[in-house]
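The structure under discussion appears below in the form of C-alpha cells.
Lettered A, B, C and D in written order, each chain numbered from 1.
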Amino acid sequence: MTDWRPEELLICRLADALAGDRHVAVGAASPIPGAAALLAQEEAPRRMHVTVLHSRRYNHFTDGGRELFDCAGQGRIDTFFLGGVQIDGQANINLVGTGDYPTLTKRFPGSFGSAFMYFAVPKVILFREEHSPRTLVEKVDFVSAPGCSPEGTWRRGGPTLLVTSLAVFAFDGARRRFALESLHPGVTAETVAERTGFAFDRPAEVPTTAAPEPARLERLRRTIAPKVAEFYPVFAERVFGVTEPAA
Amino acid sequence: MAMTAFAPISLEALAEAIPDGALLAVPPDYGGVAMAATVALLRRGTGGLRLYCLPYSTLQADLLIGTGAVAEVEAAAITLGEQGLAPRFSAAVEGGRLTMRDSTCPALHAALQAAEKGVPFMPLRGLLGSDILANRPDWKVIDNPFEAGDPIVLLPAVVPDVALFHAPRADAEGNVWIGRRRELATLAHAAKRTLVTVEEVVEGSFFESEGSAANALPALYVEAVAVAPRGAWPCACPGLYDADPAAIGDYAKAARDEAGFRDYLKRLLDGRIAPCVLEVEPA
Amino acid sequence: MAMTAFAPISLEALAEAIPDGALLAVPPDYGGVAMAATVALLRRGTGGLRLYCLPYSTLQADLLIGTGAVAEVEAAAITLGEQGLAPRFSAAVEGGRLTMRDSTCPALHAALQAAEKGVPFMPLRGLLGSDILANRPDWKVIDNPFEAGDPIVLLPAVVPDVALFHAPRADAEGNVWIGRRRELATLAHAAKRTLVTVEEVVEGSFFESEGSAANALPALYVEAVAVAPRGAWPCACPGLYDADPAAIGDYAKAARDEAGFRDYLKRLLDGRIAPCVLEVEPA
Amino acid sequence: MTDWRPEELLICRLADALAGDRHVAVGAASPIPGAAALLAQEEAPRRMHVTVLHSRRYNHFTDGGRELFDCAGQGRIDTFFLGGVQIDGQANINLVGTGDYPTLTKRFPGSFGSAFMYFAVPKVILFREEHSPRTLVEKVDFVSAPGCSPEGTWRRGGPTLLVTSLAVFAFDGARRRFALESLHPGVTAETVAERTGFAFDRPAEVPTTAAPEPARLERLRRTIAPKVAEFYPVFAERVFGVTEPAA
C-alpha cells in the first residue's frame, strides 16, 4: 500500500523532467502535466515561466491564439507535452483517428498544434495515461506529427520521454527507438511488454520509477493542488480533495 | 452632419447577412463563439457552408455539421473538449458526408495573417513528414530561397467571406471590445466582412482612454453588430462568463445519435434550450 | 518558494547589458523611446551599433549617430519630424561615415514578424521597381509559387540582439504595460533580449483583470527593467506625456553643426539637459 | 482679393477628390490632407472612416505601427496621400535625397511607407505645396516608389492627382504622363510651365480650380478647424485662428 496516488507519481516524474527549463507550456486538457509544471516552477532555483493554456491565471499570453506557436517558433518554450490517440515506436503521433484516412473508422478531434510544436520545441514529452496495444502501436494510422525527420529538416528537438500509467520510456532520436527507462512501482517489465504494441529496448535491469518523497508530496498537496484547482477543479478535487482554488 | 453614427441590427438580420456557401471563419470556444447567431442562422436555414476554424471549434461546428449545413471544414480539431468527442462531426467524417481539411493550429493562424497583410502566402516551419501536409495539395513545399537544402511549407492566404464572433461589448461608434483575444482582430482583418454579436452596446468610445483602446477592434473592420445577451452561451464569453459544461454535456449526450441530435435541434430552434430556460431532459 | 519574483535593475546596469556592435532595435518617437537609457549608454561609451528602427527614428538615432557610436542604420527614415531634418544623420550619410540600409515601414515590421513567427522570411507586396529594392542585395524577388508570372519580394527574418524601449509602467511580476503600441510586442518577440525602461513599477499584476491584461507584454519576453521617470523625454510616452517640441527644437538647432552637437552632447552627458533641468543656451 | 486662404482652397480641392471613399488615411506631417479628409467625412452621405496617423483622436488603429500597412494591404484604404522631395513626370517619388545614392548631395529622411502604399492603395494623391523645378523634376535621383509598374506587377492603383500650391494635375497611368487639370485662381499656365521640371499635357483651355463656396468655408472653419487643432495646433491657429481643439 502506498501513501501516494498514481497521479502524484506521474506529476513528480514529469516535474523532474522539467528541471532547468526556463519556460514550460502545457496545452489544453492536461491536468497532470499542468500540475507537474507548477511543481517544477515551485522547486526551480531560478525564475521559471509556466504557461497553462487552459488557465486564466497561468496564461499570460496577450497576442491571441497564435502566441503559443510564435513563442515556440522563437525558441522560448523549452518543454511541451503531447499525447496521441496512437503513438508508435518511431514516436510518430496520431490525433486524427484510426482506419484509412480520410473517412477513417473512428474519427478523433484532430492534430491541434502538434505538427508544428513537435518540431519547434526542444523537449517534447509524450504523455498518455492509457498504456495498451491500442494506444502504443507499431505504426500510427495517420501521422499528425512525425517523431523523427530526415537530415536537413528544420527541427529544434522532438520527443525525449514517453510517460504512461505503467512506465517511462526514453526516446533515442538517432536510433529512432524507445528504451524502457523505468517501471512504476508494482509494474513488471512483462506487463509493459504485453501492453506495448511497438518494439523497444529493454535493459537487463529496469529501475523502478522513484516514489514521491514525503516533503515533495506535502508541497504538491499544499501549494500546487490549490493552484491546479483554478483550471482543473474536477481533477483537483478527485486527486487532492481540494475544492478551493488558491487565492 | 458627419455620418459616423452606428446602429446595431437584429440577430435575424445578422443571420441573413451570411450567404449559403460562405467561407465562414469562427473562433475557438475560448475566443467568443457567436452561438445565438448560429441558432439564428439555423432558424433561417442555411447550407453549403465552408467553416474555417481558428484554430478549432466545439459545439458550434458540431451543431452546424449535424444539420447538414456544412460542406467542408478546415480546422486543427473539432471536439467537445472535456465533454468528449464531437459526435456529429465524427459521424459525418466517418460517413463520408463531410470534407475535412485537416490542418494544424499555427497554419490556420498564419493563412489568415497572410490575408491580413495582403500577401499571397506565408511560410511555416514544421509539418514536413506529416500526413496533414501529405493531404493538402493546396500547400506547397519550396526550398528556402535564403538557404539551399532547407525545405519549408508555404500556405496560401485565406480570405474568409465572413468572420463571425461574439464579444463582450461594442461602443457607441461600433468599436468592438475584444480584450486580449487578438485572434479576433486577425480574423476581422483577414475577412471580407465581419459580423459580431455583443452582450451590450455601451455609451461613449473605447478610444477615450488608452487603457480601453488597447482592448478594441476598430469599427472600420466591422460590417454589423447585433446585441445578443449571453450570446456565446453555452461557450464562454472571455472576461464575462465561463463555458457551461453541464449544457455542453447535455448536447454531447443528446447528439450521440442522429435521432437524439434531431430532437435536440428541434428544441433548440423552438427556443426551449436557451441560457435562461435550460431544459434538461430526464436521464 | 517559487522563484517568480522580479527586481528592476539600475539604468547603468541596463546600459551595460547592451554590448558594443549589437543589432539594437528601437521604436519610433510615438512608441516609447528609451531616451534616458540612451543617455546612460552614451555615458558608458559604446560603438559599432547597428540600429534597426521600427520603422523610423528621430532624436535617439540622430544623437547616437552624432557621437559616432553607430556603424549602420536600417530604417524607413531618420528625421526630427516637425523640427526638421535629422542633422547628424544627414551629415554622416553625406560624409560617407554611415551605412544606411534604406527600407520602407512595412518591410521593417514584416522582417521582425518573420522572427516573431520563427520563419526564415516573409513576403511583401510593393517595392518592385524602387531603388530601395535595387539597393538591398539581402532581399530576394521570387515568382509567387501559387501564381506564375507574379513577382514578389521576400525579406529575410531579422532577429535583433537587443530591443530597447520605454513604457509607462511594469507590474510587480515584471510584465510591461505597452497599451496599443503592439509593435513593442513584436519587437520583444523578435529580439533575443529585451531591455525596458519604465516610468514606475506598480503593485499587483496587470493580469488581475482582462482589461489591463490586454495592455501587457508578458514578463516572459523581458530580460530586465529599469525605472526611469520621464525616461522617454523629450520624446513622448504613449498615454502619459507628449513629446516636447521645444526641447527637440533646441537639439535641432544645436546639432546643425559638429561643434554645436559636441557642446550639446557634453551638456547632456553632464546632466545639464534633462526633463526637469532643461538648460536653454542663449541664441 | 479673395475671402479664403490658399490652404482652404487646397483643402476643399483635396476633399472633392475623396468623395465616395469609405476610408481615407493620412500620414504624418500632413495638416492640409488631414483637414481635407475630415471635411470629406463631414460631407459624406454615408459613413466614412478617416485615419489621421498623427492624431490620437482620429487614429483608431490598435495593432501597432504595422496596421496602416496591413489595412492598405487588405484593400481597406481607398485614398492615401504621398509627397516627395522630388516628383517626376512619370509620378516617381523620391523621399531619400538628391545626388548620387548612397552618399547623396543632400540626404532627406527616407521613404517611410511609400514603397508599399503607392502599390496597395487604389488612389494615391500626390501633394506638395512647393511647385518649383527643384521639386517637380524630369527624373528623380532616387525612386522611393515608382509611379508606374510593368504588366504583371501586383498593383491596386497608384497616382491619380498631383496637387500643388499652383495647380492640379491628373495622372494618366497608361500614358505615364501628367496633364494639367486646373490652375488655382490667379495662376497662369505659363507660370506653371516655367516652374515645372517635367513635360506634361496642357489642354488649350485650362479651367480654374473652383474657389470654395461660402457654406463650405463656414463648415471648414466652424466644424473642421477645431478638429484639426487637436493634431496640428500650430497649423490650425495660423490658418483658421483656432486655438481650442474640439471638445
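Some notes on this structure:
Methods note: contacts are C-beta pairs under 8 Å (C-beta built on N, C-alpha and C of every residue); 3 or more make two chains touch, one makes a residue touch a chain.
Since we're looking at a predicted model, the values are computed, not measured.
Path length between chain B and chain D in the chain contact graph, taken as the least number of steps between touching chains: 1. Chain C and chain D have Cα centroids separated by 29 Å. Between chain A and chain D, the centres computed from C-alpha atoms are 59 Å apart. Here the CA centre of chain B is 37 Å from the CA centre of chain C. Across the assembly, chain A contributes 61-63, 69-70, 73, 120 as residues in contact with two or more other chains. Looking at chain C, one finds that residues 106, 110, 117-119, 124-125, 150, 152, 180, 185, 213-214 touch two or more other chains.
Chain contacts here follow an irregular pattern that is not a line, a ring, a star or a complete set.
In this structure, the chains touch in the following pairs: A-B, A-C, B-C, B-D, C-D.
Listed in rising order, the residues of chain C touching chain A in the complex are 1-6, 115-119, 175, 185, 189-190, 207, 213-214, 216-221.
On chain D, the positions that touch chain B within their shared complex are 23, 41-42, 44-49, 51, 57, 60-63, 69-76, 120.
Here chain A touches chain B in the complex through residues 28-29, 61-70, 73, 95-97, 101-120, 142-146, 149-150, 152-154, 234, going by the rule given at the top. On chain B, the positions that touch chain C within their shared complex are 106, 110, 117-125, 140, 142, 144-147, 150, 152, 154, 156, 179-180, 210-215, 238-239. Against chain A, the residues of chain B that register as touching in their complex are 27-28, 31, 54-56, 75-79, 81-82, 85-86, 89-90, 93-96, 100, 102-107, 109-110, 113, 124-135, 149-152, 180-186.
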